[in-house]
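Submitted below is the structure of interest, expressed as structure tokens.
We just call them A, B, C, D, E, F, G and H in the order they show up, numbering each chain from 1.
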Amino acid sequence: MAKKVLRELRLNRDWCKGCGICVSFCPKNVLELDSKDKVVAVRPEDCICCMLCELRCPDLAIEVLTDQESDNE
Amino acid sequence: MAKKVLRELRLNRDWCKGCGICVSFCPKNVLELDSKDKVVAVRPEDCICCMLCELRCPDLAIEVLTDQESDNE
Amino acid sequence: MSRVRLVFTGSGGQGVITAAIILAEAAVIHEGMNATQSQSYGAAARGGSTRSDIIISDKEIDFPEVTQPNVLVCLTQESYNSYSSIIRPGGILLTDSRYVQITRKVDAKQIQLAMYEKVMEIIGKPVVFNICVLGALISITEVVKPKAVLAAIVSKVPKDFIELNTQAFELGMELGADFSW
Amino acid sequence: MSRVRLVFTGSGGQGVITAAIILAEAAVIHEGMNATQSQSYGAAARGGSTRSDIIISDKEIDFPEVTQPNVLVCLTQESYNSYSSIIRPGGILLTDSRYVQITRKVDAKQIQLAMYEKVMEIIGKPVVFNICVLGALISITEVVKPKAVLAAIVSKVPKDFIELNTQAFELGMELGADFSW
Amino acid sequence: MSDNIRFIQGNEACVEGALYAGVEFFAGYPITPSTEIAERLSQRLPENGGKFIQMEDEIASMCAIIGASLTGRKVMTATSGPGFSLKQEAIGYACMTEIPCVIVNVMRGGPSTGNPTHVSQGDINQARWGTHGDHNIIALTASNHQDIFSITVDAFNFAETYRTPVILLLDEAVGHLREKLIIPEAGELPIVDRLRTSLGKGVDYHPYLPREDGRLPMSDFGGEHRYNVTGLFHDMWGFPSNNPKVVNELLRHLVDKIDNNIESITRYKEHFLDDAEYVFVSYGSAARSAIHLAKTRRARGEKIGVLELQSIWPFPKELVREKCADAKAVLVVEMNMGQVLAQVKAAVRKPGRVFLANRIDGKLITPSDIKKLLRVIQGRGV
Amino acid sequence: MSDNIRFIQGNEACVEGALYAGVEFFAGYPITPSTEIAERLSQRLPENGGKFIQMEDEIASMCAIIGASLTGRKVMTATSGPGFSLKQEAIGYACMTEIPCVIVNVMRGGPSTGNPTHVSQGDINQARWGTHGDHNIIALTASNHQDIFSITVDAFNFAETYRTPVILLLDEAVGHLREKLIIPEAGELPIVDRLRTSLGKGVDYHPYLPREDGRLPMSDFGGEHRYNVTGLFHDMWGFPSNNPKVVNELLRHLVDKIDNNIESITRYKEHFLDDAEYVFVSYGSAARSAIHLAKTRRARGEKIGVLELQSIWPFPKELVREKCADAKAVLVVEMNMGQVLAQVKAAVRKPGRVFLANRIDGKLITPSDIKKLLRVIQGRGV
Amino acid sequence: MAVKDYLRERFFPHMWCPGCGHGTILNSLIRAVEELDLNKNEIVMTSGIGCSARISGYVDFHSLHTLHGRALTFATGVKLSRPHLKVLVPMGDGDALAIGGNHFIHAARRNIDITAIVMNNRIYGMTGGQFSPLSGPGVKATTAPFLTIDSSFDVVELAKAAGATFVARSTAYHAKEATGYLKKAIMHKGFSVVEILSQCPTHYGRKNKEGDAVSMLELHKTNTAPLGSKALKENPSLTPRGIFVDVERPEYCSEYDKIIDYAMKEAR
Amino acid sequence: MAVKDYLRERFFPHMWCPGCGHGTILNSLIRAVEELDLNKNEIVMTSGIGCSARISGYVDFHSLHTLHGRALTFATGVKLSRPHLKVLVPMGDGDALAIGGNHFIHAARRNIDITAIVMNNRIYGMTGGQFSPLSGPGVKATTAPFLTIDSSFDVVELAKAAGATFVARSTAYHAKEATGYLKKAIMHKGFSVVEILSQCPTHYGRKNKEGDAVSMLELHKTNTAPLGSKALKENPSLTPRGIFVDVERPEYCSEYDKIIDYAMKEAR
């Protein structure tokens, strides 16, 4: 089965309003708000590409770009 | 038990519009419409005081006046 | 005759308005005249008395109401009582003898016919009473040609009823035949 | 001073309007002056920039808008950019150094204070930032007596928050103490 | 005996006119005395491939026709007094969004439930001012079936030309009257079709950017151009704006597009006006009585003429001023408390010579009602 | 520092006035910029034993207050543009049934959804003609909080005196402005209470039979007199009638009861009118700018005065004619396309000397806007 | 008091057509009021516009003949300002559920103590026979020359879903049953709905070949069955009659009185 | 097409407050449309007035921003005249069920093929925090300083009773689930309703001490449970999520097409 691998967490700072939803509900604590209350990815390496941040962001400020990794086991 | 006995079938010809409802649904065929399409009691003696004609008349043109007859059996 | 003014009166279920429409339509569609037909509306279609005004003319008709009819038809006592006085002197007042008892003196030719009775006797269907009245009226006044009225009837009435209505119309024509304007 | 015109500007959440109301209310209720306070309404209460106009006078105030303020407060860069030009020559322009970078030359006394920073440092609650600004403004301009403003604060603010607001107001007073009109 | 002669009610004449003009969609809610319009169309529309829907109320009906119009249909609704009041909010929406539609109001006695089965002309000012805010409107009327037919065609044409709701103000007396109508041949009356943008796919279309000639080409919803429509003040793309300049310009546009075309919009008929000493200004069924009186008095040598208005809004002020200029007296004949009277007074040079001949009791005003007032004015007694 | 001084919004001043006048029942539906009226009353009414209800829409709100009024309550609703349009049918019902009620319309930019958070005075004519059919109405306005308070009291008093809906036309600018209000002592302003019939049980009460003085005493629903209320034309018992005489008399009564009392109803203020060469006629927030300009120009010796209208309908024609009689020019200052302008032109002897100083872009008209036009009229250039 | 004491006899014979079911509903209603021995001064009847709505002119209560579809909103104003009054609101099917549908569901939601009576003849009688939201599909009407395609509401289901706390259905044929339900509805504290199937021989009957009033009443009999009856189980296409909901829930006016008590205390 | 191709990016950042659930619903909706790979030219979005209604400005469909409460009536006009178009109608809770309640039940009754999305934040957001018919009792609002006494509608029950043929409920928290329901609703032939619980931190959250958007989302999670779940059985006070109705019934526009076919034949 193909597994998704993170290519990029594309965070649109112009659109982000700092509500913190993505931060709170990221299962891996990948995201945080910076001092200007904008989203930043602090632990992108932990991202499991669950897409929940992208789906829930009320400001459509997140795109989780992934690659398919073939599962070569 | 007291049983109702007919005192008078009071038929208001001014109000009756001749719809025939009372006539059709009287269980004892007591009522009829005359040539001017107004209700008349043709067999008052058969009336069992069920009140249905009074209750159903859309023109409130019927009053079934009754006396209580004590049941002396 | 350049302009005839008619008023038909009666009660809700008698088909007074239909008769009026057929007459006026006959004049317009089948005789190339002008005509107007108007009626008083009560609170919806419920019983009560009805009046319809018809004007037939070869000129344009502006004011469509009839104040003094040349021809007045009264099919109930109530309507006779209220309207008989408006007839134009010398006009024709047609009534049905079952429904109306003539009481007043009016400066007009009063014609009483047993139209309802005859309809019931000969045709047996009260619904065509109005068409019989129309037949009588036409034979008395000839405001419109009988053929035109028949054509209007044919175009208005459901197929299955044309026969019945024609019969009623002709019955009326006969009843009215003895009178003329 | 018979008439002072003030304009407070900033962004939705900064409490600019509350500060404006408190100031005007202090003038009316606690100093017996006349005052008007008006504001621009956006499409409801959502973010965006806010402006409130205040006029304080001992006479009747007819036209309630301020075209050229004697005193202008800008709490965001955006509002500074849009409004700094409207200040009346010789007026006072108060900004917060965290939010606003002074760039323009205006014919007015520009006063930059680190109000937000101090509020966070000393009180730690950003909600009372607006009251601190008000304190600074009062100590700079004395358009209304500090006592009156404090009284207005007490009457407006929930009991539990009076202490906090008083503290913020006094902090503002201190910060503004070095400047005067 | 020809195929195109009808003997029908005024309401039906309106339906025939609408079909001739190309109506494709009707939404309505029954109400006396306009119901026959809905009833006829429930039959005639599907027969012609069009759509009829009976909605849950008048508000819904008005909104539904606006939605349908946006998809490129010619649309219409019909109602009377209470329903016309209910439609006002959505009529304002059609004004603001410039969506073509025709609203028939067959007037009955008001206010409120009033006198539903009797004639009145009491909604004249409501047609102009019934919705909130400044705006402009076209309102037409007619007094006989032939004119009802053609004014209905005009109504659709104006709606398309000016992208505006057009109100057709009939009244109970003509609406219910039966008389002759001769249906014109196809092509006999001009039909204005929807002006659609010629811009193709991919080219930026501006739904609210007027052309040189002031007209705004439309693009059907469902077509290649996706744009926005809103009842808020909006820019040339149709997106909300409260920029004062945008607001100012849009409002003036809405008012001017009609006022500036008053000459093309004005519809009237004159009867014996040339040398008339007394001018009746009238419209709708009241005009029939005015004309009747004028004809009979003319026959006796009295110089009476009738100016019959068929467009009420925008009020043809210049026309009225001109036609009444030489009159000794002007009688406004209408069935309300003087709604057109006020317009005529404002239009003429000598308002003191303008009088009201009215009747407000649910009866059609008669020639003799008018004659009585005329005699008083002429100082001849009643 | 006194207990009866408030620093509040105009909408709240209206609430305070209503409470002073004795309002007991409010039904409403939120809408900008009138919502604060509902919000305040949701608190203040139950505190005073009154009732507040938020209905499902504006129609329901208007109907609910009519029902409540019939039970003997002083009632009120508040809304803005779109909601005012929706209420029109029921406002006509209140006219027809002569049920006292107060309707506040805090005007915003229109037509349609328009410019909800910005000022306008575009609903002037709608207040008069928004509902179908002939009728009459009282409409009041004010430009500052003290006047809003007292005109609100007047509104309730007129509603009771004339048994009629009264429209209070505020505008966004005064509605949202905060300024001082001094609440009058109880008794300081006169309060008209409901005139109830003195007829006792068993005596025939005629709900629609005017007394000698033209007033119609009421009887509360729930009381001893059971009668009928209908929006149809009705006789003196309140039962439906389409008898032409009954129809005619009732409609004239509805119109006359207000027109005949225009002097008692007229409310206005004058500012420096005595020797004014230029007269500004204005109202609501626009009047503040007119007064401002007049004051500043007076200080420089220009003879400018302001006639501030507080009653718009019935339009105080005589008053306007008189006050403008000696003016070189009259400027109507308003925030619409000239709705009061048309009335002023119809009122004065020289309509050619009446000009419009308006602004329709959502911004409060400024003293300098007016000054510019004044300079043009004076031929002094801008 | 005699039944007729609840009538305004001077307006009789009434304006309804011969055989109109609305007359029977009036009959049932005044009997219910009479049997409950209510004080006429404490009853307010509010109606909208329609043939049905004319009922308010015939009863000797406080009567308010209002606007098409709005009867319940006027009634809400009356009831909330004088909660001790009994408020009866008879409505036509169009009145209650076409233009008036929103007020119907909102009054139910609030559970305000008003009795709504839906006089359901499945047609717009007053305006001459257009279909209504209760006509259902396949019906001929002046605005449906090709038969209706609109589904109908189930008044009982709708009232229930909206929150009515008493809901019953009967017919003009079952006049005695209807009277009983009306009595219960009137005494119920909260929003009560009684749908009574009525007949319009003039428009519905004639157009749909259902014949005269008598044969239409026959249909009330044969097309309905009591809730829980065997007939209903065997033939689910029958329309059920009976009491469908009878529950308690806080009533609006009582709840508001609590608000007043609280607010007045707070304000002091 | 990419998700963003369905947006009008030039209006971003949008006008909704930080954390407003309406944004998430927009997010779910365009994803549903994207996953269905619909043609933008064949989608019409009609909305009323409210914060929610502003959604129509952000999508690159044909968009019609109408009057408060009336979106479904405009939509009915659009759909009936061009049945091939997909018509999406997002509405606020007040928009859909206060002023718009009647149109809601009638559109459901007709089973016209429109997708109604109720963006339910239980408050009037746009006008600043008045209670709505979905607030329910005990809620603080600017017009309920002493807490609401009004019961709320159950949107699912009401839609069902009125005749909707697809009815589902989800929340802004369950964005993935919501997207799935939206897809089904859009593809359903007939009137479909998807209620999505939204959050208004600015008015509802603040007044009712529900905290910020994050904690309001927590409530979506803890106060709801899937239909048929154990959690729901154990705690019936939870709000059920899921698909409640998914049935077939003749669709209005298709039925009307039959009328046209018949009438055109007859007329010839």
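Assume a residue touches a chain if its C-beta (ideal position, glycine included) is under 8 Å from a C-beta of that chain, and two chains touch if they have at least 3 such contacts.
Everything numeric in this text was worked out from a predicted model, so none of it was measured.
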Legend entry - Chain labels contacting chain A and also chain F: H
Inset, instruction - Go ahead and name the chain pair joined by the largest number of contacting C-beta pairs. - result: E-F
Inset, instruction - Report the inter-chain centroid distance for chain G and chain H in whole angstrom, where each centroid is the mean of the CA atoms. - result: 31
Inset, instruction - For chain A and chain E, let me know how many angstrom lie between their CA-based centres, rounded off. - result: 60
Legend entry - For chain D paired with chain H, centre-to-centre distance based on mean C-alpha positions, whole Å: 42
Legend entry - Inter-centroid spacing, chain B versus chain A (mean Cα positions, whole Å): 83
Legend entry - In chain G, residues with contacts to at least two other chains: 16-18, 67, 98-99, 101-102, 106, 126-128, 133, 146, 150, 256, 259, 262-263, 266
Inset, instruction - Mind pulling the residue numbers of chain C that touch at least two other chains? - result: 43-44, 47
Inset, instruction - Pull out every residue in chain E that's touching 2 or more other chains. - result: 32, 43, 46, 56-57, 59, 82, 89, 93, 112-113, 116-118, 230-232
Inset, instruction - Under the touch definition given earlier, write down the residues of chain F that touch chain H in their complex. - result: 29-32, 35, 38-39, 42-43, 46, 52, 54, 56-58, 82, 112-113
Inset, instruction - Quick one: which bits of chain C touch chain E in the complex? Just the residue numbers, please. - result: 21, 24-25, 28-30, 32, 34-44, 61-65, 67
Legend entry - Contact footprint of chain E on chain H as seen in their complex: 11, 40-42, 44, 46, 56-57, 60-67, 70, 73-82, 84-85, 102-103, 106, 256, 259-260, 262-264, 266-267
Legend entry - chain G - residues contacting chain E, complex: 49, 67-69, 98-99, 101, 124, 126-128, 130-131, 133, 142-146, 150
Legend entry - chain F-touching residues of chain E, taken from the complex the two chains share: 59, 81-82, 84-86, 88-89, 92-93, 95-97, 107, 109-118, 120, 122-123, 125-126, 128-135, 230-233, 242, 244-245, 247-248, 251-252, 254-255, 336-337, 339, 342, 345-346, 360-363
